[in-house]
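Please find the structures below.
Both of the next two complexes hold subunit A, though its partner changes from subunit B to subunit C.
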Partner chain A sequence: MRIRLGFALYTTVVVVFGVLTLAGLLVGDGSAFGDTGALVAPLNTISNLFIRLVVVVIALTLVIGIFNLLSVHAVRLVRGPGTGARLNSLILLVSFIVALVAYQFSSDYNLILENVQVQIELALAALICFALVYGAFRLLRRGVTWGGLVFLAGMLIILIGALPLSQLEPLQQVTDWLTRVPLSAGARGILLGIALATLVTGVRVIIGQDRTYGNQSSVE
Partner chain B sequence: MDLSQVSAVLGFVFTLLIFSYLLGDNVLYRLAISVFVGLAAAFTAIVTLQSVILPLLQHITAYNEAAFLLIAALLAVLLLFKPLRGASGLTNLALAVLIGVGAAVAVYGAITGTLIPLTLATAESTNTEGIIEGIIIVLGVVSSLVYFQYTARRRPDGVVVRGPITRTISVVGETFVMLTLGAIYGAAILSSLIVLVDRLDFIVDFIANIVGGG
Partner chain C sequence: MAPDLQIITILIVLFTFAATLIIRRRRPLPMRPISAFEVLPDLANESIEASRPLHIGLGGASLGDENTILTLVAAEAAYYAIQPATVSDAPPIVTTSETSTLPLAVDTLRRAYASRGMIDAYRGTSARWYPAGPRALAYSGALTTLAGDDQLSSHVLVGQYGVELALVLASASRRGLTTIASSSTLTGQAVAYAMADHALIGDELYGGAAYLGKLPHLANRNLTIDLMRWFLIVILLFLMAYNLAQQYGS
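Coming up: the complex of A and B.
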């Protein structure tokens, strides 16, 4: 039987780190275990160390990713396919430098953050309205289904219920009840479904059943 | 021109540049997006350095702290070897550490953050919401979970079908799930509409100030 050493090594690393981290998180400070608490408490220290390590690695990769973005646009600025592309790269690089310089001068009130970044984000959020309304308009064009009709009903209930008209007060009471009972049930069902899927996938990864890594480079 | 006027002009210009997308993808919109990406990258770098990396560098007082940072940097560098065919195994080793710890945190978060609190809240809903409402909530949660179940039997002719009871319950679950997703969609439309009204109000105010000389 050929044993793929690469796979075996990666799976061992995943299992060791996963099991130790999960055990440490579940054990906590060990106070729930009475006298044996002192014996299992180091697991929590180990899991905290692993989590801190992963946080720092992710932070470093984020910084590396930003350097990669800047280097790609620096190259594009020099050898870009057209004037438009070069101009966009130039603006991106300049705005990056301006934001860093502005932060150095005033870290308490950031003019660039408040008046450019937030304004662009707000304008983009406002643009989403058109996309959402257009999507709702096109909803039933592909065919009428039970799910589609209920989806539309849920959307209209919320939209009509938000109208500030005194004539719609009975409808608003219905909207409140719907939000409190069936919508709450649906939301709980969706969240529990996501949590169960996360649990199953996570456990499969930790016990080495789900190996989506190391498929190209295992040592045989 | 004082600081508040500069702020208003910047906000006005960038809002108009983004809104120009309503006329189609154009140079002005792409220009604003380039600014946005540059600023977002800068602020991400600032926050990452300030809240994670610099505090770690400032607190290096012992060899174990230095070793910790060195291991983290080594793992981050190993992730860069992915494009190199001969060295991508090293990347997989670093990925294995991230996946193992990430999976454990996800499992713990799912259990303590969602499964236990929501199951308890659903079980107690007959007490907190009333008998009928509680029964509807339990029915909704159970049928929604059945709706998410995709296991089925294969008939001798090869067609995969769910049992009649599962199918009936999943239709009820689909109703609850779709009603909820529709309501979330409606709430998203309302939220974005509020932001749109705010932006239009800002533009009208700005123009009124310019015209009125305010």
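Coming up: the complex of A and C.
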């Protein structure tokens, strides 16, 4: 297999930094290793240094994000696919400039954020309820499956059980049991599956078996 | 971290290292069908035929925190989704609400175009950052308008989403767009299951590379995850039996 120099370099950097950071985080201050703890403790200092570097780099990506936002919408304003797209991009660019200027005049009171952004987000949050009802309706329209029926039955029992009516006390007990036993077990199962997959994929990335960078996706 | 927990964590990581190094099958085992991965290549074809862009949303998946691996896996799935769609007149669009993911989104797009020898057709503005806002609602609001403004052909939403995913999926459904959705959060997964045309539940997204890449060695990751899962099940059953024996034996 032909391996390019740049690609080998990427892999080496990932493996070295990944192994050192993981080892540093795992050994901690070395107290769990008794007498040999003092020998492995410097790994923790190195991993902390790497993590601090990552934090600085991530903070810098905000600048990249703002540049991307402005350039994408400037291009859309000129060559947008339609009037709606151009208008939306124009509103975004004007809002950006207005927010920037307004902040210069009054940095304590963020007029646009508090009076426009938050209000619109609250309206959107209210719409989510209708979107979820629409989703439940759509689940019924898609056809009857066992999974769909269980999902709907569970949802209805929990919703009705949440009503503060004394007549519904037996149903509330069913709701409590559903939440405590099957729902909790299912949620833990899903989360354990995700955790295992994350662990395996992370290890494969660190040892260079999975490569989501360079020009090859994965090589063994 | 408590010393005993630290030792257990180290043992789990070492075991995973060993399993990853040992499992190297040249011929992949058959994999169960997952509708989202079966339909994904068709979405690229639809995008090409309709000259409408395919949208891949990475949501709130970000690098540098506990979602780092999820972000890499989502970008990997995005790469395979974008690759066939690069020949479309309407270039695929990748969006994210996290600035840390933006360089990864740009690189994923660039790699997909480069892999098809079409780097000249690559446009940097196809990777977009939409700020999430305090409750990620600004991002979902942006995606609902994106579907109309850019005349999207379908949504592939892989990454981190919460209940706000309902807004995007409801809007997509009204417009008749095909949707594939997945989330690292349980709330997002529930919404995806109820509202998306094809949902990826639990760790299914992590196996995507093997389904989409169609390269034998990519299946080794899935095999390792499956083996680790069975190992965990055996340990859980053993612990349960031990506890029962303790409870009823005394």
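Keep in mind that, in the parts below, the second predicted complex is superposed on the first by the 164 of 220 C-alpha atoms of A that agree within 3 Å, B and C clash if a C-alpha of one lies under 4 Å from a C-alpha of the other, contacts with A are read in each partner's own complex, and residues count from 1 in each chain.
Assume a residue touches a chain if its C-beta (ideal position, glycine included) is under 8 Å from a C-beta of that chain, and two chains touch if they have at least 3 such contacts.
Everything quoted here is computed from the prediction, not taken from an experiment.
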Partner chain(s) touched by A:V40 [first = subunit B, second = subunit C, both, neither]: neither
First (subunit B), second (subunit C), both or neither touched by A:L171: neither
Which partner, subunit B or subunit C, touches more subunit A residues: B
Which superposed partner A:A162 touches (first subunit B, second subunit C, both, neither): first
Touching partner for A:L127 - first (subunit B), second (subunit C), both, neither: both
Partner chain(s) touched by A:G80 [first = subunit B, second = subunit C, both, neither]: second
Touched partner set for A:A8, first subunit B, second subunit C, both or neither: neither
Which of subunit B and subunit C A:Y103 touches, first, second, both or neither: first
Touching partner for A:T198 - first (subunit B), second (subunit C), both, neither: both
Contacts of A:S71 with subunit B and subunit C, given as first, second, both or neither: second
Shared contact residues on subunit A - subunit B and subunit C: 22, 26, 54-55, 58, 61-62, 64, 69, 84, 88, 117, 120-121, 124-125, 127-128, 130, 132, 136, 147, 151, 187, 189-194, 196-199, 201-203, 205, 213-214, 217-219
Touching residues (chain side subunit A, partner subunit B) in the complex: 6, 9-11, 13-19, 21-22, 25-26, 47, 49-64, 66, 69-70, 84, 87-89, 91-100, 103, 111-117, 119-130, 132-133, 136, 146-148, 150-159, 162, 178-199, 201-203, 205-206, 213-214, 216-219
Subunit C to subunit A touching residues, read off their complex: 1, 3-4, 6-7, 9-10, 12-13, 16-17, 19-21, 24, 63-64, 68-70, 72-73, 75-76, 79-80, 99-100, 102-103, 107, 111, 114-115, 124-125, 127-131, 133-135, 137-138, 140-141, 145, 148-151, 163-164, 166-167, 169-170, 173, 184, 186, 189, 191, 193-195, 201-203, 206-207, 209, 213, 215, 217-218, 220-221, 224-225, 228-229, 232
Touching residues (chain side subunit B, partner subunit A) in the complex: 3, 6-7, 10-11, 14-15, 17-19, 21-22, 27, 30-32, 34-46, 48-49, 52-53, 56, 68-69, 71-73, 75-76, 79-80, 85, 88-89, 92-111, 113-115, 118-119, 121-122, 129, 133, 136-145, 147-148, 171, 173-183, 185-193, 195-196, 198-199
Subunit A to subunit C touching residues, read off their complex: 22, 26-28, 31-32, 54-55, 58, 61-62, 64-65, 68-69, 71-72, 75-76, 80-82, 84-85, 88, 117-118, 120-121, 124-125, 127-128, 130-132, 134-136, 138-139, 147, 151, 187, 189-194, 196-205, 207, 209-210, 212-215, 217-220
